[in-house]
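Multiple structures follow.
Two complexes follow with chain A in common, the first pairing it with chain B and the second with chain C.
Then we have the complex of A and B:
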């Protein structure tokens, strides 16, 4: 029994992958689950694992070459098995490798509407679905109808679930396991805390959001505004916050020891999470026919890496203490720069924050990460001379924050109220402990 | 003395299917079988019984022929002929398994096997020769089960007056009167056959209803159909100690607060089967059994003795051929070292081939209640189904139990013509976790009995069209 090795979709948005290194040479014995190769996706370097066993008979693309998702990159088969018929559907590496290396099996008329332009014309089976393809197959998640329905209800992100059904299909038990382990994580996050955990707003295992069907007025607003600025009709709200107290708090805390050192960004993240919890109307997803409001805050934080932007997620941020958020933000940023993030670490956010303050940008507008409906753009903190209460001049630390709002969901006043709350929290950081 | 990769003790549906799969995976395989290949299923169960039930079906069709414009006069019934045909069908099927063994180069060790030391089996051949064979990968016990009587109330099997299904399959005349003790699948099927061949049949069941493991609605529907055909059905029956006469048997029966003595020419005992765990050296090999006398196994079919496995009836209920076959297949995959899908014990169809047929899969309504599940029922009668009307087989219904929230198909229960074939639409749906919506979306050909499934599904969603 031969097993075809396909370029798999190793991240939800991956369309092609670069084969960094073959870890199994031709002739090596392969067991199911063995790591065959390292593949660089659009987000990270991931492992391509074997879906069958036998001998690694043939590498169909060389190291360094790029192949589209679902294209054939190798063959695992028995030592004496004839694999010549299988090689036909191989990917033509985008980098180098002459096309002649993959000889057309038979002269055929041009393949009409070939899904991948670079596939050599072959008489044998056209790029078929893998016999044991991963659950995420070219962007399409393989799942049973029942599993999909339960996941939808429970808010489980299917792209993060490992399927255990035939061919890696996600079935009911996988969703149940994901839900169970998800609540386990929730408990773990509280474990190190000596202080009593905040009363959770929802029952463990229950849905962490509510879906609201669109009202007529909401539908009209959505349609009209998207016609004007589309597809996401965005507007921007800018506010200038006074960071004097936050700065005092930060200095005072740091004097207590290294364990209490936090950055301004950590304080902003913590305040944002707290404010979002009080304003679920901006902590939402636009889903086309409905708006999904989340009870919990999965806070995305934009991180610049050498390869570009990535947005890892601090899950359940509203339940985490400042020190936890600080540690997690630091770890996620580091892993992002090392390109070691797993797909489940950069999907599922409900709201995002982007900070260019450290690069001396006074203020900017960030682009909404759909289906989220809002993002905060954090500028630089600077000392400004302001008119004090007594009419004299004072020097204050000032920060400019701009919120991008999806007008289909967030109206001007709604966004403004959220920023009011955020201002109160940031200008009076003590409120975050109440 | 020879060495094999795998030795199966027993050539029934569990052992022979396991053997075929092992051979397919390139292993050397031997099967120890003292009788014919195919086991109880082929020789003394499924196959010959269904051949007789087909005869019963023809009897019923002929009786109804007149309304279809087909009048058969001077119809004679000869159970002996039907019996001989059923034996021929059995022999043919057994030969079929023999052919498959030859094709797959499986060695048939004709004789009786006893576990030896390690992974070895001592086989006493039909010719009396004793040989010990060893297995490198595993020895698989697939010895099946056998009929049993009820000696505690005087119903020990005697092969003439008190019969088991084994003897009922080879008598050459239908008796004038017959009691069927036990109204599970076997009891109901034989009641059906002998009723068709002219016996006056009385079903005696201890439980409050016939087919006690099926959904209550199915039991009630079948009881109604049986009574209409003149089968006497006594449920909740307490049986006293039996008096055996020269040519008949008298059973004291207490039911519905009434006590009476009932006399029958023949009593057919269909009160379950006993696993074959004796004389195969279990104790010496260190193979443990359960309280109910089955071999104890884990989810990899391993017994308490290393290298010894058990599958099929002997490894525990449900005692069904298709359950044993699947276990054989999966175990062969495990021993062959290929990826295996565990047996889904929650999705084994149950089939009773009386007329009307009864088939089910998943949970009964009572089980759903017991588990505290929130469910919705959908039901569609065959009397409202066009195809059933054309064939004049309008008894029965399709009942679908679905989860209230997600539409998962929790159970399906069908009474009616071809119910045992129809149930597989639901088996496939459940295995793939299709919900009622996917069944509804699948277009069902018209006119077919299968449309009743689609309608029952719609009913469960409150959208039934044709009733």
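Then we have the complex of A and C:
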């Protein structure tokens, strides 16, 4: 009994993975659950585990190569089993496969979607457009397990089969009919192609530049952010907050001991969570045909890492005390920089905050992380001379905050009201304890 | 081969086993003088005497416990409950004494005994006296549970139960006692833990047990007229369950309806479905459908009782649904 090893979707948004290292060499004995390889997804380095047992007979892609999700990357089988048919019939070119042909998902991939098994193994190989409308459910072909197995055995491409079961489910008789009538769209056989090692090298005497292949995380950033700025009608609201009282509070708290030390960022996160709870109209997801408003606040916080941007989530932030938010934010940022975040730790946010204040950026606009509908961009805190209550001059700590709003959900006045609440909280931090 | 009733088949089993082994005795309410509430023990008092056919007071916990004690010291008691609804009073002896004695004595005391009696609904006996207890009893490690659906199976399984060195529950049916079937007069036993393919077809498997076997067979006849040929897998024993027979049938037909007399939640059918999804996932062409009693105490009113019970029409509808022909 052989087990095919597929490139699995190890993160919710993963469409392809780079095989960093095979941990089971060809010829090694494999038990179900053993870690076969390390795979770099779009967000982190994850473990690919065995779904069956036997001998690791064949690696179908070399270390360093990239393969689309659901493509065949290895074979586990008994020592003496003939696996030539498996290798010849199902492998997909590794680095060369165009990503777009592999996963026909909707333009904006919902963050929480795409469980591991969501894409059919047989639907992997790039194929021409389906002739008839298949039973597709969010990128997934609906079939009975039996129909899927028969299609796999006979090499029938399910996306071309019309389902006759409930909801268009493809059942055994549909596969049989497709095969009998000759209308079956057969999956083309590919031989595994040699994969170029993507290691960048500076050529001596060559031009003063180097080509660096895109890392998975960089590709994801590019795709997701382009998705965002394109279809989302964004507008921006900027406000300047007075941090005098927040600053006093922070100093006073720090004098009570290390346990009470918090950063300005922690205060902003806490205030944002509190304000969002009062303004569910901006704590929402745009889902295409509906808007989902959240009663709870899962606050994303953008973290810069050596590899790029990642947005870990403080869940149920509105229920957490400032010290809890502070500790959690610190821990998440550390784990993000170490690339140790689990997928569930960076998905599911309802609103996000991005802070470049520590980089001396006065103000900026952040790009919305869909399906969220708003993000706050936090600038640097600086001392400014302002006109005081008595007409004289005063020095105040000032902070510029810019909110990016998805106009499909948030109108100008709605966003402004949210910022008013946020201002009241940040300028009067005592309110956060009431 | 003689055609006799289920009742007579049980009577033959008791008679043959008591004659074969003088450690076997029958005890329960009305089993001796009155020949049994359902006449299963008819004539046994005359043949074997009052030391081996023993009338008890209305004390289910007491005589079940006497039975466990007798079994521990070497006898092979058969305890009759007038119905399994009354056996609720004895459940501590069944679950905590009989089922666990071998384990808790470190293998020193086995409990070779039988608890038997009618199970499930008859007609208009209302909420307290119409219950099917298969899944309750089958839940307990340490006991075996058999549910004969035909006279042939009743005799063979009761004899196997009496000869087994462990406590065995025999769930009979009041509505089954008068059903007739071919039963050999000679000695035979049906191995505990083996299902029986009562009808062979290729389109769908009906997996069932006990009284529902008759419903499944009727459904098979009806469906055959429409060209739908079904396997009827009679589990016969619900603990231990014959997983191989279930999965072999479903691998062949790719579709399954699981029919049982009891309620849905944590029912026997739930376990059957689990085995199927685990072992036959890639063979399924349709979701599995269960047919069972509606999730209410059994109503007394005739029409309501009828609609609460699993029946022929519900079974046929379920088969058509998994066949995608409804």
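The criterion applied here is as follows: the second predicted complex is superposed on the first by the 292 of 434 C-alpha atoms of A that agree within 3 Å, B and C clash if a C-alpha of one lies under 4 Å from a C-alpha of the other, contacts with A are read in each partner's own complex, and residues count from 1 in each chain.
To be clear about the criterion, a residue touches a chain if its C-beta (ideal position, glycine included) is under 8 Å from a C-beta of that chain, and two chains touch if they have at least 3 such contacts.
Everything numeric here is computed off the predicted structure, so don't read it as measured data.
Enquirer: Would you sort A:64 into first (chain B), second (chain C), both or neither based on which partner it touches?
Expert: neither
Enquirer: Mind working out whether A:167 is in touch with chain B, chain C, both or neither, as first, second, both or neither?
Expert: neither
Enquirer: Is A:153 contacted by the first partner chain B, the second partner chain C, both or neither?
Expert: Only chain B; A:153 stays clear of chain C.
Enquirer: Of the partners chain B and chain C, which touch A:144 in the superposed model: first, second, both, neither?
Expert: both
Enquirer: Could you look at A:32 and tell me whether it touches chain B, chain C, both or neither (first, second, both, neither)?
Expert: It touches chain B, and chain C stays clear.
Enquirer: Would you tell me the residues on chain A in contact with chain B in one complex that are also in contact with chain C in the other?
Expert: The overlap between the chain B and chain C interfaces on chain A comprises residues 144-147, 149, 166, 171-172.
Enquirer: Show which residues of chain A lie in contact with chain B when the two form their complex.
Expert: So the residues of chain A in touch with chain B come to 32, 144-147, 149-150, 153, 166, 171-172.
Enquirer: Using the touch definition from the top, list the residues of chain C that touch chain A in their complex.
Expert: 254, 281-286, 324
Enquirer: Quick one: in the complex, what on chain B touches chain A?
Expert: Chain B reaches chain A through residues 339, 341, 405-408, 432-435, 437-438.
Enquirer: Please output the residues of chain A touching chain C within their complex, sorted ascending.
Expert: Contacts found on chain A: 144-149, 164-166, 171-173.
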